[in-house]
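Notes to accompany the following structure.
In order of appearance the chains are A, B, C and D, and numbering begins at 1 in each one.
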Amino acid sequence: MDTFLQVTAYGLLQGGLLALVAVGFSLVWGIMNIVNLSHGAFVILGAYIAWEIQGWLGLDPFLGMFISAAVLFCVGYIFQRFLINLIVNGPVFITLLLTFGINMILIQGMNLFFTADFRSIQTSYGSNSFEVGNIRIPLVRLLAFLLAIVITFALVAFVKHTRTGISIMATGMDRGAARLMGIRARHVYALTFGISAALAGMAGTMIATIETFDPSKAGKFTLMAFVVAVLGGLGNMYGALVGGLLMGLVQGWAGQYLSGTWVNAIAFLVLIIVLVFRPNGLVGKAFYAARVEI
Amino acid sequence: MSTLKALKSVNGFKRTLLEGLLVLVVVAGAIFFKSTLPGGELRAVSTIFMFIALSQAWNIIGGFTGYASFGQVVFFGMGGYFTAAVMLHLHFSFWLALPLSGLFGAVFAVIIGQPLLKLKGHYFAIATLGVAEGMREVVINLPDITGGGAGISVPIAGTFAKTQYLGDGGFYLLFLALALFALAVGTVVSRNKFGYGLRAIHQNEDAAAAVGINTVRSKVMAYSLSAFITGMVGASYVFQQVTIFPERLFDVEITVLMIMMVVIGGSGTVVGPLLGALGLQFISEYLREHFTNMHTFILGGIIILAVILIPQGLVNYIREGRRTKNYSLLANIRRYRL
Amino acid sequence: MLEVKKLSAGYGRIQVLWEIDLAVGENEIVALVGPNGSGKTTLLRAITGMIPVKSGSVDFLGESIKGQSIEEIVSRGIAHVPEGRRLFPGLTVRENLILGAWRTKETSVDHVVDLFPRLGERLNQIAGSMSGGEQQMCAIARGLMSKPNLIVIDELSLGLAPVVVDEIIQALPSIAESGTSILMVDQDVDAALTIAKNAYVLEAGHCVLSGKASDLLADPRVQESYLGVG
Amino acid sequence: MSTVPILETRGLGRRFGALDAVSDVSFSVNQGEILGVIGPNGAGKSTFINLVTGHIKPTSGQVLIDGKDMTGQAPWNIARAGVARTFQIVKPFNGMTVRQNIAVGIMYESHGTNRLSVALEQAEAILEEVGLGGSGDRMPGELSTADIRRLEFAKALATKPRLLLLDEVMAGLRPTEIEPSLELIRKLKARGTTVIVVEHVMKAIVAVSDRVLVLAQGKVLMQGGPREVLADPRVIEVYLGHRYAKRQKGNA
C-alpha cells in the first residue's frame, strides 16, 4: 500500500510537470488550430536561458524562470507575427512543416550555442525532500507541481477576466467575428503564441531543476505535450492540467507494475483511442468546436 | 523545359512513347553510372532513390488524398522489422521477405486506416504520429522477436543467410528498382479512375460521395497502397543497414523528409515529389559536406522559406503561373496569410 | 456618410457584384433586398473589408476605406452584424457585448440593454445557449456597443419567429435617430421596406431597382424578383 | 412507367440539438415527374436533400428509392442507385479541369467506363449540354458564378441519374442565364429523368414543375400544382412577410 501511495504521489507530481509542458501547446492548438512542433524546443530553450541566468547572475531558477518566460514571450511573439501568421490558413501539413522547420533551427541553434552536453540547474535545495506519512516528496517536484496548478488557474483567470484574455478566447471561437469587433487578429495570434512560449520557458526551467536536459530532448517534450493536450481535450481550459495529471498517474502506475517501457506504448494507445472515440478529450465539451476562420 | 513542351505538344500514344523513352534513357544512364561511381557516392545516390520511392508513397495518401499521414514511418519501420525478423528467425530469403513486408505494411494500414481515416486534419496527423511512436515502443518491448532497444541484425553471410549481402552496387539497383516501381504506381494512380477518385476526395468528400465514390474504401486503399511501397522500402533499408535500431527505423524525421519532399516539390503530382526528393537530398548532402555544423540549421531555414514562399510546391507554382501568367511571389504569400 | 460607387467584388476570381452604387446618409435606414445568391451579403462583406474590392470606390465619412483591413474599417465607426450572427458562442452575453465595444473600451452595457430589455435578464448567460431571436438581439446589441456611425445588419430576421422580428424591427428607428445609420439586408421584404427610407434591389449581382422604400413597396417588380410572377 | 414511385419519404425528420431542421416530411415522386421544392431561407430545403442522399442521417422516418428502403445508406450507395444531386454551396473538385471534374462522375457511375481517356471524351457531350462547351480545359476557380453552377449541374449529370436533385442551381443567375437551365430540365424530363428542383426563387419552378412542395420551418406547408401554390396567401406570407401578404389581400 505504501508503494502504491508513493507511486501515486510521484505520478501526480510528474503529472504537474507534464501539464506545465502541455498547457501552452494546448492553448495554441485550441485558439489557432496550429499544432506547434517546435514546442519542445521552446521548453529546452527556456531551460538554457534559466541555466545561463543562474550562471551569470547567480539568480535562483524560481526567479530566473520569469526572465526566461519574458525572453521566450518575445521570441514566440516574433515567430508568430512574422512567420506563422503567413501560413495560418494553409493546409495541415504546411503548418506542421513550418513549425518543424522552426524546431530544426532552434535545436541546431542550441546545439551550436550551448553544445549538446547534458546540463542541469543545481540549487542548494535541489535534493531536499520531506515525508508525509511514509511518502517521500521531493521539494522541487512539489514546487513544480504547485506552479503548474497556479499557472493553470492564472491562465483561466486571465482568459476569463481580462479584456485581452477575452479577446483571445473570442478570436479562437470565431476569428472573422473577432476582427469585425476591431480586434487585431494578427496581434492576438502573436500574443497567444508568445504566452505559449513563455509557459514553455517556465516549464523548461522547472525541468532543468529536476532532471538533465539537452537539445535532443525537445522532441520528447513535444510528443508529451501532444498526448497530454489530446487527453485533456482542447475544449477545456483545465484540459492540460487534467490530461497531465492523468498521464502522470498512468505513467507512475504502469512504470511500477508493468515491465519495460510498455507504459509509453500504452500512452500512445490511449492517445489514439481518445482521438477516435472522444476527439474533444476526456473532460468537458468542445469550447472551440464551432471554430470559424475568415 | 523544352522536353516538357515537347511532351505537351503530342498526345496520347506518342506521349506515352516519349515518356517510355525518357525512362529508358534515365535507367540506362543510372545503370551506366553504377560502374563509374565510387562506393560512397553509390550509397548517396541509393539514398536518393530510396527517398524518391518514399516520397511517391507518401504522395498517394498525403498528396492525392489529402490526408497528412504524419506517422508514415510506421510502415517503414514495420516493413523493416518484419524483414529482419523473418530473415533472422525463420531464415526467409530477402526476396521473399521483401514483398511480404510490403503486404505486412498494407494489411496494418487497412486495420488502422478504418478508424483513423475518419479523423480529419490535425487529428489524423496526430493519430498517425501516435501510431508510429506507439509501434516503436511495442518493438522495443518485444526483444524476443525484434531484439528490443539493443537492435537486431539481419544474417548476411553464413549458413543462415538465404540471401547474400547485395553490396553497394546491388543496393543501388534495388533502390533504383523501388524508385521506378513507386514512380510507375504514382503515374498510374495519377491517371486512372482510382487516382481521380482520390483527388475528388481531397477536394470535398461529400461531393465525391455524391458522384458514387465509396470514400471510406478509397481512402483505406490509398493508405494501404502507400504503406505497401513504404514497407518494401523499409525492408530494403534494413537489409542494407544490416543492424538496425527502433529509434532509427521509427524516426519521425524520415516522415518529415517524405512530407517535405512532396510539399516542396508539389503535392498531388508525380513530378513534384520526384523533384523534391532529388533537390532536397542534393541540398542536404551538399550542406552536410560544406557546412557540417550548420547543416540542419540551414535546412530548417530552407523549409521555412519554401513553405512560406511557395506553399503549393514548385510544380504547382509553375503550372499555376503558366495558366494565369502570374508568377508573383507576393500574391503567393497572400494565399494563406492571416 | 457611406458612399459606394461602381463597386465590383467577388470571391477569388469569381466576380459576384457588378458596379453597384449605394449611399447611406446620416440617421438613415437603408434596406438591401433581393433573392438568394443575388450578392447582398457579398456587398456588405466588401464594404467592411471582409473580401477585397476589385474596382470602384467605398468612401466613409468622406474618406476612402477601400482596401483597408477589417480592423481598420471597423475602427472608423462601422459595425457589421454578420450573416449567421456569429456570436462568440462560449462567452456570456455580457462578454460578447464588451467585445463589441473593443474599439471604444466601453464597459457599460446600459444603452443597449435599454433597446433590448430582454438581454438585460440574460447578461450572464452563455450566448450559444440562447434562442435564435435573443441571439440576433445580442448580435445587434454587440454591434451597437461601440456607438458606431453606421451599422450594417445581414439577414436580420432569418429563422426568427414573426413576433421576434417585430420586436427587433421596432427598435431600429430609435437606433437610427440616436445617430447610428443602418444598412440592412432582410428576407422580410415588407418589414424592411416599411421602416427603411431608401432601398436597393439586387439581382444576380446587379442593382436592378433603387429608390424610396415606400415607392418600391408598391412596385410589382419587387415581388417579381422573388416570386417570378407579377 | 412503374407504379412504384422512384422516391418516397415517410415521416422523414432530422433534429439538430433542440432544433427540428426537418420534421415529418412525407411525399413521393413518380418516374418522369418534375417536382419543385420551395421555401424561404432556413426552411430546411438543403437538409431535406441531404437526408435523401444520405449526407445526413435522418433521426426519424424512411427514404424509399424504387420502393426499396434506403434510409441511412451511405451517399455513394444512393448515388449508385441512380440518384444524383448538386450542392447549394457549390463543391467543384478544384485542382482538376472542368472536363476532369465531369470525368470523375462518369468513371464512378456503375455502368460507366473505367478508362480516363474515354471518360474525358464523353465529358464533352455533357459540357455542351449544360452550356460549358469550350470551357473544358479551364479550372473551376476561373469560372463565373453562372458557369460554376453549370459545372455543378454537369457533375450531377455525369453519373447518368434517373433521379436528379437540384439544390438552388439557379440561385444568383440572371433571367437570361436561367432560361437555358430550364430548357435543360425539360430535356431531361423528356428523356425520362425525374427531377426535384429546389429553389428559393420561384420563377424557375413555376415554369417547369409538374407539382410543387412548399417547405416552411422544416415542415410541409402545402403541395399542389405550381399556379395553385403561387396563388396561396400562405406562400406569399412565408416569403415576403405577413404584412406584405395582408396588403396584397387588401388590394385584391
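Quick note on the criterion: a residue touches a chain if its C-beta (ideal position, glycine included) is under 8 Å from a C-beta of that chain, and two chains touch if they have at least 3 such contacts.
Values in this document were obtained by computation on a predicted structure and should not be read as measured data.
Enquirer: Applying the contact rule given earlier, which two chains have the most C-beta pairs between them?
Expert: Greatest number of C-beta pairs in contact occurs for A-B.
Enquirer: Please compute the C-alpha centroid of chain C, do the same for chain D, then give the distance between them in whole Å.
Expert: 30
Enquirer: Counting in whole Å, what is the centre-to-centre distance of chain B and chain C, each centre being its mean C-alpha position?
Expert: Chain B and chain C have C-alpha centres separated by 51 Å.
Enquirer: Approximately how many whole Å separate the CA-defined centres of chain B and chain D?
Expert: Measuring from centre to centre gives 42 Å for this pair.
Enquirer: Which parts of chain D, given as residue numbers and ranges, touch two or more other chains?
Expert: none
Enquirer: Going by the touch rule set out above, which residues of chain B reach two or more other chains?
Expert: Correct list: empty.
Enquirer: By the touch rule stated above, which residues of chain C touch at least two different other chains?
Expert: Residues of chain C touching two or more partner chains: there are none.
Enquirer: Chain touch graph shape: choose line, ring, star, complete or other and state it.
Expert: Shape of the chain contacts: a ring, since each chain touches exactly two and the loop closes.
Enquirer: Please list each pair of chains that are touching.
Expert: By the stated definition, chains touch in these pairs: A-B, A-C, B-D, C-D.
Enquirer: Touching residues of chain C toward chain D in the complex: what are they?
Expert: 10, 12-16, 35-39, 155, 158-159, 162, 187-191, 194, 203-206, 223-229
Enquirer: Taking the touch rule as given, give the residues of chain B at its contact with chain A in the complex, in rising order.
Expert: For chain B paired with chain A, touching residues are 62, 66, 68, 70, 115-116, 118-119, 121-123, 125-127, 129-131, 133-134, 137-138, 140-141, 148, 252, 256, 259-260, 263, 267, 293-297, 299-304, 307-308, 311, 333, 335-338.
Enquirer: Where on chain A is chain B touching in the complex?
Expert: So the residues of chain A in touch with chain B come to 29, 33, 35, 83, 85-94, 96-98, 100-105, 107-109, 112, 185-186, 189, 219, 223, 226-227, 230, 259-262, 264-265, 267-269, 271-272, 275-276, 279.
Enquirer: Okay, in this complex, where on chain D does chain B touch?
Expert: Residues 53-55, 74-76, 79-80, 84-85, 87, 91-96, 100, 103-105, 107-110, 114-117, 119, 139, 155-156, 158-159 of chain D touch chain B in their complex.
Enquirer: For the complex, which residues does chain C have touching chain A?
Expert: By the definition above, chain C touches chain A via 48, 50, 69-71, 74-75, 79-80, 82, 86-91, 95, 98-100, 102-103, 105, 128, 142, 146.
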